[in-house]
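Next come two complexes built around chain A: one with chain B, the other with chain C.
Take a look at the complex of A and B:
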């Protein structure tokens, strides 16, 4: 048994070496052969976006840099900024309209595209935690909702949900209208959600000293809410500056410090009125 | 005036017979679009914008119709010749048959290189606006459209490059400019996948003898190869810059 394992390890090492030998950091171009498969021994491949297999070659379908994760995962890292929904992504969407006949079969069309109303998914009207036929959120056109991608299919709509069987916590649901919506680059959003990154620690540091609500959607939309006018604007500017910093740790620390100072010295702040009742009870 | 000088053998704009015009392009010009490119070939200037992919709306009404047998659309193209693009300002009433034909050519081309069956019921809208017209519109639009698709990050198998060719006194000329275009000479435009020299569309203009077809095609395909070499370099430089920003 150990021998077999060692052999496999050796094989994998050989593979890794072979992959290193091939130009790794080379930028590729649609139609380029990015990788030749006859140099590696594994036959099972995991192909991510941007590559396709033809005969014994991997061919690029977009512009980017080939990335490799052992043992046999290949994908093309691209700089483009369009969101592709994947199962399990948490997103911030905008309700576009409501469709369907019977109450139980109704659903909201929710737009989650990078640009407005180009990519939509369906969110069933009762797919909220604790929603019943009589007591449920009543969302209008333009309302924001934080939801999770449940399923994506090739030829069907993207299915969204605000419930989960795995967690008891209730993150998902309608977001307050008076919050601020910040549109960021997808790379920035991903960094915000990665533990250990400068952006993530920024959010944690600010959150420890200054109460605010936020919903970070993987589709490049960040919803921010403090309940007060001035501080919400400052928070928005903080995120904007942090995105412009482009991952610069020192700069982000500086911005965070400045933000905390500004909020500490903030004079009287005006509360933002929000009387919208999202959850309503209907009498038959 | 001769189109090709008998003395120097040069064309009116100073090119040789087998030379294409200078190509420049600028990516990401239209901020609202998902992908855009301002493509210049000599004095022909085209703005190509890509919107999408988004839901084509085929599945919107659940009336139980099976749309499976239909071929997915994948792409919708539009070709527009701006009123201010030519020497005389002209505003056309109604639809322009030539523009529609060009749009159709573009659709056929891009459907070959895209993956329509992988994302059925989603659609990409591509629009090519000619800002300056100086000949070879279809050829330039084909090239610009591909670049815009790449900029939008839409998966494509390969590139499509267009080039036009004409013939003057038995000599084939590559990449037609408007001065040559006006002479009602035999003219041909091809859309080619340059890597395997596969011709996807071919458009002919004005009558010509069939013996001229072979040299014309040859010149046009060679022109495509030249164009490809130029745009390949441009795109690679562009991606390298973007990749630098990616790693940081």
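Take a look at the complex of A and C:
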């Protein structure tokens, strides 16, 4: 088994090298051949939005730049700013109301629309890690929740969940009300989540020296929490500046350095008060 | 369809900035966003940018019939198009949008027409028969806070360069001459009202100027002060629940007066530049248009129009109209009302009194019938 695994790894490395050789940073238009699959051996592809497979070629279905993530994930990065939910997306949503009669059938309506439009999904009341009929989060209107898109259908509502089959990665759940929320462009959010990008390295660099909590939703909402008012404002402005920098590596490095200087000389900071208990025990 | 949802965390985020004297977009409390204004090709049209808020405005001054025998002033009409889609950050609910539309219309009326910004007595052509109507149409393309200032600025900017056609009166015949026959006349603008909006938070001494779209959803009090370039208050408009002490209002008026001087000067400069550049290009424009109209006159379209008019004249439907002339507004004499029953006359008078109280007349759709039949040629 280990030998096989090593072989697979080697194969992947070869593939990765082959893919990296192909020009990918070019803007392609609908109908363009963005990538030819002749050079790679794996036939299991993960195709994201904007890419379609035809024979041995990947063809663009809209304008954008091809992005690749090992082992074999392809998608077309666009500056399109309207969010369409897809299965597996991590999003930050707002609780709108609670619906349903029986406890087991109750669910939260969660709004995850981009800036202006309303898009609501359904989050079952027990779809949290460790939630039972008695012990479960009690969310109010206006609370933020970090959740995952479980299923999207043509007619029905978008189904959301805060659980996963993988026990190691269970970080979804209600977010603190005292945190800050930043609304960003979708392209910025995608860059934040892509390893190797300037924005991602900025978050890592800041996080190493200045601990903070964040939840980056693919629907363009970024939740930030440091526990202190002034530093939270600064963090908000950092993300705002980084978005305005528009992928400029040097500028983002400059912004990061300035932010770290400012936080070092911050002086007295006021802790944000948060006495709310999101998880409550209910005696039936 | 209905307004977008705002989370508690997001509201607190914007308030937390204001608490420390900062703002979400890195301005200080009394920092006004930069605005730009560009005039369009047609006289009286302009685009105003205030941050991300964009308003397109245009003015058309045209003669209209009036039924009010005591009408001795020009009338005004405001078209305001505002869409939920144009809101960049937070979409308002349907009720909120309706309220906003009403408030904006009221604000423009009071800031511009009630403060006598344009000399409406000079817009009377024939008392009780024909007056000029100032038709102001405002399109809100993008909304990112402070629509009140942006719309007011756009309206004033377009009124500064608006033109009305020259009128010739021969007995009972009133003809609006086209721009090729006689150069149009600019409107008389008495003063330049500039509005400045302040936002407040109830039960706190927080005051900011020029709220952005994000701040507008958080703060619950607004005061719009309209001051002209001579530091005269032309109107105020307060909305929201925050109660204000007298000192705050006085301070707001002082700040608005300071701002209005600069803004009025800049607006005047921009309008003068536009007018001077336009008069240079005007002769060329007229040459091009005249050539075009001549070629049209020799073409088939114009001949057919002529023949239709002749046929109509033969049938006694309408009088033949020379295409060289502009629009003939009124050719018939005032019909004596003696033949009509007395009750009808009384009803008419009641209506006119109502209009007098209002001070405004919106449109004259009932009186347009005869005008439309007599219309010939383009303006």
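Convention: the second predicted complex is superposed on the first by the 201 of 284 C-alpha atoms of A that agree within 3 Å, B and C clash if a C-alpha of one lies under 4 Å from a C-alpha of the other, contacts with A are read in each partner's own complex, and residues count from 1 in each chain.
Rule of thumb we're sticking to: a residue touches a chain if its C-beta (ideal position, glycine included) is under 8 Å from a C-beta of that chain, and two chains touch if they have at least 3 such contacts.
As the structure is a computational prediction, the values presented were derived from the model and not from experiment.
**Q** Considering only touches as defined above, state whether A:37 meets chain B (first), chain C (second), both or neither.
**A** neither
**Q** A:77 contacts which: chain B (first), chain C (second), both, neither?
**A** first
**Q** Which partner chains sit in contact with A:154 here, chain B, chain C, both or neither? Use first/second/both/neither.
**A** In the superposition, A:154 touches chain B alone.
**Q** With the two complexes superposed on chain A, say which partner A:29 touches: chain B (first), chain C (second), both, or neither.
**A** In the superposition, A:29 contacts chain B only.
**Q** Looking at the overlay, does A:113 come into contact with chain B only (first), chain C only (second), both, or neither?
**A** After superposition on chain A, A:113 lies in contact with both partners, chain B and chain C.
**Q** In the superposed arrangement, does A:260 touch chain B (first), chain C (second), both or neither?
**A** After superposing on A, A:260 lies clear of both chain B and chain C.
**Q** With both complexes superposed on chain A, which partner does A:247 reach: first (chain B), second (chain C), both or neither?
**A** Touch status of A:247: first partner only.
**Q** Determine, under the contact definition given at the top, whether A:186 touches first (chain B), second (chain C), both, or neither.
**A** Touch partners of A:186: none, neither chain B nor chain C.
**Q** Which chain A residues contact chain B in one complex and chain C in the other?
**A** 113, 115, 118
**Q** Please name which positions on chain A make contact with chain B in the complex.
**A** Per the touch definition, chain A meets chain B at residues 25, 27-31, 49-50, 52, 59, 61-65, 77-82, 113-115, 118-120, 154-157, 187, 246-247.
**Q** In the complex, go through chain B and note every residue touching chain A.
**A** For this pair, the touching residues of chain B are 32, 34-35, 51-52, 54-55, 59, 113, 115, 118-121, 150-159, 195, 232, 235-236, 238-240, 242-243, 245-246, 248.
**Q** Hey, which residues of chain C end up touching chain A in the complex?
**A** Against chain A, chain C makes touches at 1-2, 4-13, 16-17, 19-20, 22, 24, 26, 84-85, 87-91.
**Q** Give the list of chain A residues in touch with chain C in this complex.
**A** It comes out as residues 94, 96, 111, 113, 115-118, 142-144, 175-183, 223, 229-230, 232-233, 236-237, 240.
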